[in-house]
């Protein structure tokens, strides 16, 4: 199986709404990053968060197994610090092997869900 | 007619909600991949699905005719196995000729539809 | 002013819902392509539509003035033929000068609007 | 910390709905550009807006600090001129150092929010 993807990714958009109309886990307002590792080696991924008016926080260390996908909620990140709600942030991810990254938000501040998703930005020049 | 596109694509986001407020085919929660083959030869496409905690499943074989588009619902894939609902997955597609790929989800778990769409990730380095 | 963009673009996703809860022009279900021509020469753009089970239709000829943007509804295309509703399609655009292209759908089949948008696929290898 | 991103970006889609069901700042219809500067030098960014039938307006000058993100609402731009509501526009951004750019709209013309987001178009050929 050939590998697919890049090792450096960025998501400029980040915002977890602080409230939700539902506490059902599937419907709580959340931001997810979907990581795909189609290769034969586990991917060690380091995530750094950027903010408007304070220094970056990280790295958050995550492993994506070989030939596996991981859909990770920013809501669930705790080490080295939880992600603040109702706060603008951005993220940069470095992986030691090529991966593919996509970003999705479910906003349930209102009974009608709103969804957004976009492919993340891949730094193609180095891979 | 010049060809347009690439032969290797990946979608890191995948999730089919298990319920819908409507059973109208157009409004059932679904995930669609839109494949465009603008070239003069049929495209033979092999799809592999990746999961969180088990081995990949595939290939699912699909043909997109020359100068045709195919909007394929993951919901409708059955061979070699149906796509589980309420389960995170990701997908990789290999085509023997260049195609263009886009990914859309309609979420009708609530009466108010939610839509997301994004261009898939194209591996540009080989084509 | 430097030019920005590419000359060949594709959108694999296309679908105009046949009904809307509102006849207000801004809120009728529609698909829009946003074309940006930041350069100093007018852009002559040829659009071809692809379908599932019949031959492509086109070209639809559109001009985007120098240093102008054009947000064009597929709903409004009529020559050589209107775009059918409730039908899957895809599109390819060729421009004689570099442009930037983005694709948006507003779905108002339900009172709660649903929106999707994504950057179109740019064929980078030739420009 | 390695830099990530590009210096030239474009967003072909632009439209700020003129009305909202809520005047809560978080829920007013708005368009946001999320800028990420992961590098060690401040980014000086010049934004130019393009319209359908009049000349471009700009530059709007914005600074994104080193290792910071800025989520900027087009609604809030005033110098050299406010961004008109209910009007199609597009934008081009030049930065003196590499940045990453993403574009999001929240549409609250109806009680059910609609969201869209997409990575902006990066001119990769020069960076």
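Annotations for the structure displayed:
Each chain carries a letter (A, B, C and D) given by its place in the written order, and its residues are counted from 1.
Rule of thumb we're sticking to: a residue touches a chain if its C-beta (ideal position, glycine included) is under 8 Å from a C-beta of that chain, and two chains touch if they have at least 3 such contacts.
Fair warning: this is a prediction, and the values are worked out from it, not measured in the lab.
It takes 90 degrees of rotation, in steps of 5, to superpose the Cα atoms of subunit A onto those of subunit D. Residues touching across the subunit B and subunit C pair largely diverge in numbering: under half of the numbers involved belong to both copies. Distance from the subunit B centre to the subunit C centre is 21 Å, each centre being the mean of its Cα atoms. Mean C-alpha positions place subunit B and subunit D at a centre distance of 30 Å.
Residue positions of subunit C with contacts to 2 or more other chains are 111-112, 114-119, 124.
Subunit A meets subunit D in the complex at residues 8, 10-15, 17, 48, 50-53, 55-56, 86, 88-90, 92, 105, 107, 109-112, 114-121, 123-125. Listing the residues of subunit C that touch subunit D in their complex gives 2, 4-5, 26-27, 32, 34-36, 38, 67-71, 100-102, 104, 106, 111-119, 122, 124, 127.
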